[in-house]
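Look at the two complexes coming up: chain A is in both, with chain B in one and chain C in the other.
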Partner chain A sequence: MDQFVQLILAGLATGAIYALAAIGFTLVWQTSQTINFAQGEFVMLPAILVLAAVKFLHAPLPVAVLMAVGGFLLLFGFGFKQYIVNPMARHGILPLAIATMALSILMKESAKDGFSAEAQQFPSLVPEGAIQLFGATLSLRDIAIFVVAVVAIVGLQLFVTRTKTGRMMQATAQNPTVARILGISTEKMILLTFLINAGLAILASFLISPVYLAKFSNGEVIGTAAFIAAIVGGFNQVRGALAGGFIVGLVDNLAAAYVSSAYRAAVPLVLLVLVILFKPEGLLGSKEERTV
Partner chain B sequence: MNAHVNLPASGPVLKVDGLKKHFGGIKAVDGVSFEVFEGEILGIIGPNGCGKSTLFNCILGQLQPTEGAVTLDGEAITGLFPAELNRRGVSRTFQLLQVFPNLTVRENLILAGQEHQGSMLSRLLGPKDAGLTAEAEKMIGFFNLGHLADSKAGGLSYGQQKLLDAAMAFMAGPRLVLLDEPAGGVNLTMLASLKERLEAINKEQGATFVVIEHNMDFVMSLCSRVVVMAEGKVLAIGTPAEIRANPAVIEAYLGH
Partner chain C sequence: MTRHPVFSRIDANLATLLIGAVILWFAPAGLKSYGLYVISLWLVMSIAAMGLNLTLGYAGLKSLAQAAFLGIGAYTTALITAKGGIIGPGWSWPLAFVVSGAITFFAGVILGFPALRVKFHYLAFVTLSFATVMFLIFRNEQWLTGGVYGFSNIPRPSVMGSKLDNDLAFFRFVLVVTVLLSLAMWWMLRSPWGRAFTALRENPLRAASLGINLRAYTLLAFAIGSAYGGFAGALYAPLVEFIDPAPFAISASFVLLLTVVVGGQGYFLGPFLGAAFSYVLPEVLRATGGLYLLIYAALVLILLLITPQGIIGIVEKMRENRRQKAAQEQRNASKVMLEA
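Coming up: the complex of A and B.
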């Protein structure tokens, strides 16, 4: 029983990180029909940038964090939209998707060659430790990851549903033509979703890297998990991505313990296949219709 | 309020002068001129493909006219972008529904009305309704959408979405509203209530309407004057009674 509780908490913690990545994924899809196959690398890179700033520029850690955050928002929030999505979107969804695959390879290989091929320690914001609850040993780090991610997601959800800008973002996603007629600057709204996506990736990166170490290949696992989470939950709903993230995180952890750790990565894929077969719009998604 | 329709005291609200829109060799709109006066409800009718919707799109800046001029209160608005026209008090409804499906009825209305006000900062930090909740409630009451205010717009029936679409067009307190087939696909009960609501809001807000419509009874009973189009040109302009009696119109509609 206590092992089960521990597994659930660990699952929720990883799930929260998947959810952060999956939510960014669905946001950019909704406003700009961009399927970002580099989403995993987006989560991998910010931590590497921090370590690189410390190593090469000898920056103190807080400065390095600020530099990494600023640089990443500029390059992979603004720059990604301006210099990859905008020029490629003219050619259609598929060329754009392939361009993001190329970007993911570029980011991964650059991190490997430019920084290190080895997994690196990443400083944790939360001290090591554990608390006892219901006879289970719960890691403080897992709890902190879960809390921070949930606060960020709730905050984002409140922003999207409760503010004027948030509603303008939704309008841009649901009906760009009319949104433009109403005088909403849809370009700015789309840019905002890309910045939010980059921000969520940074947060996910800083939360997960202390646990799994910062490594150039981290994006593979996270990217796949986020992609599965988004599809399982429903691609066109933020709450779908949220639920999908937690489901994949839980399934992942429970499968590792109770099924086989060798097949842990396969179990979410089975879930993915089942969802696509029986509820292709996702568990919480709505059917999507597009007019041309 | 609109008793002076036939004897306008001031200049026209909207003036369309020699408007042409050619697509290659096809003359979709071919020299259309008419004026719309303060508080008037002007109907535009004509067979399918006569250029009504193209005319609307040219007036509203969604298409650039090949030739001709459009003025609003004496100011040239030819070729201005839709958002700019919206800022100047020109709003529209759509032939095909264009609501925001995953927002509630109330949110759709607030969104339709909010864009005029507010800086970037107030948008970021301001209250969610931008003070428009009251206005939205008024429209909800006015168009009898009260029981649906918190429903997602995408889940409404077609007729209800048409009402919402119309309500959205009035949120910003427009000077001129262009309605593209407001009655299309709306059942008879809803139609009566739509017509009655449009008449009431025309009186109350003093807005000027231009209505494209296929439903003859609807147009003839709603509009003070009617423009008949055929093959991109104006065939006749007159009161509903004059139009009904016009032989050229009868021929265009009923054939030989």
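Coming up: the complex of A and C.
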């Protein structure tokens, strides 16, 4: 029973991180029809950037973090939209998706060749340790990850639903033509979603890297988990992606313990196929209209 | 001189294929074994890309599992041909080739069937899942595949009693198989099947209204495309003589998809160009040390930004421009004549 509670908590913690990546993924999909196959690498890179700034520029950690955040937002929030999505968008969904695949290889290889092929320690933002609760040993780090991620997601949700800018963003996602007629600068709104996506990726990166170490190949696992979370929850819903993230995190951790650690990566995929078969619009998603 | 543009293009494809085959038969006589390995790899990957080109470029389905099919073919061939083979060395490779194609064909059917029941672009994610699971099986089932230690001593096939241990002889063998598979593909694309595949991509609703069984044809396109992956695997295993799970990982499937798009999806010769770009270029760039994949990815990105239709897209665009210019000149000339 102890082990079960610990697994649930660990599952919620990784699930919260997957949810961050999945939410960014769906936001970008909604506003610009970009299927970002580099989403996992987006989560991998910020931590590497911090470590690289410390190693090569001998910057103190806080400065390195600031530099990494600024650089990442500029390159993969603004730059990604301006120089990859914008020119490719008019050619349809597929060429753009392919371009993001190339980008994912590019990011992975840059991290490997430019920084290190080995897994690196990443400083934890919260103290290590554990507390006893109801007889179970709960890791402080897992609790902290969960809390930080949930606060960020709730904040985002409030921003999207309660503020004028958030509403404008939603309008852009739902019907760009009408949004433009109503005087919303859709371009700016789309850029904003890309910046939010980059921000969520940074947060996810700083949360997960202390646990799994910072390594160039981390993106593969996180990226796949984020896709699955997005689809399982429903491609067109932020709360769907949130639920999907938690489900995938839980399934992932429980499968590793009770099914087979060698095949832990396969279990969420089975879940994905089941969802696609029986509820293709996702557990919380609404049916999209069929385009003719 | 009013030839139908489609026919002239297809004939040009066939001519290019056959002339290219003849040149390739004689060209590499002076090459060392590394050079022969690289061009053999190019042809093998062209086959896999050709299959994906059918799935993606003609039928419009996104598959992220072509490297997994390649892997199934490679491991099947390794298992059947290793240790002298089950039914004697002369026949074990042909058997392996057929079995590899058959397994991947049926895997394609089983995989495509549920995915196509729902929306088409879900196939991408189902195939991504399948590729991940296959990679895990290749890596974890050590008793069958050798796991991370790999599967070594895969023999080269024998033709008429003599084993193709010579690299040049094996390259020519690969070339012959490639030409045969290309001819089969060429024939298929011109057949009513091929027309139906194109119809699926261009306008599924209209295709359905014309009586094409959407699901059956989509499934068929996907299964045949997958089988080409299996065939390529049957050649890949004896080419490298040692296989481990790494070349069949997800990123390898990504690269195969990039190959098709970079070459020009939906163009018959696209896969050959794409494979040259994706598999020969990195070997050339190997001189740059570990940076070749990085340079490759950057090149793909730049190329896609310039021409999303792929390398053949540039040629097509130039041809189209020339045609339009010629037509414009004719119009101008006739205008002058009318006014006179």
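Just so we're on the same page, the second predicted complex is superposed on the first by the 289 of 292 C-alpha atoms of A that agree within 3 Å, B and C clash if a C-alpha of one lies under 4 Å from a C-alpha of the other, contacts with A are read in each partner's own complex, and residues count from 1 in each chain.
Here is the rule we use: a contact is a pair of C-beta atoms (placed from the backbone, for glycine too) under 8 Å apart; a residue touches a chain by one contact, two chains touch by 3 or more.
In this text the structure is predicted, and so the values were computed from the model without any measurement.
Looking at the shared chain after the overlay, A:269 reaches chain C, while chain B stays out of its contact range.
When the two complexes are overlaid on their common chain A, residue A:184 makes contact with chain B while staying clear of chain C. In the overlay built on the shared chain, the residue A:110 is in contact with chain C alone; chain B does not reach it.
After overlaying the two complexes on the shared chain, residue contacts for A:162 are found with chain B alone; chain C is out of touch.
Touch criterion met: A:94 reaches chain C, while chain B stays clear of it.
When the shared chain is aligned, no partner comes close enough to touch A:57: not chain B, not chain C. Of the two partner chains, chain C is the only one touched by A:227; chain B is not. In the superposed model, A:170 lies in contact with chain B only, and not with chain C. If you check the complex, the residues on chain A that touch chain B are 162-168, 170-171, 174-175, 177-184, 286, 291. By the touch criterion given at the top, residues 37, 83-84, 87-88, 91, 93-95, 97-99, 101-106, 108-110, 112-113, 220, 224, 227-228, 231, 262-263, 265-266, 269-270, 272-273, 276-277, 280, 292 of chain A touch chain C in their complex. Chain contact summary for the complex, chain C toward chain A: residues 62, 114-115, 117-119, 121-122, 125-126, 128-129, 132-133, 136, 140, 205, 250-251, 254-255, 257-258, 261, 290-291, 293-294, 296-298, 300-301, 304-305, 308. Listed in rising order, the residues of chain B touching chain A in the complex are 82-83, 86-87, 92, 94, 96, 98-103, 107, 110-112, 114-116, 118, 122-126, 128, 130, 154.
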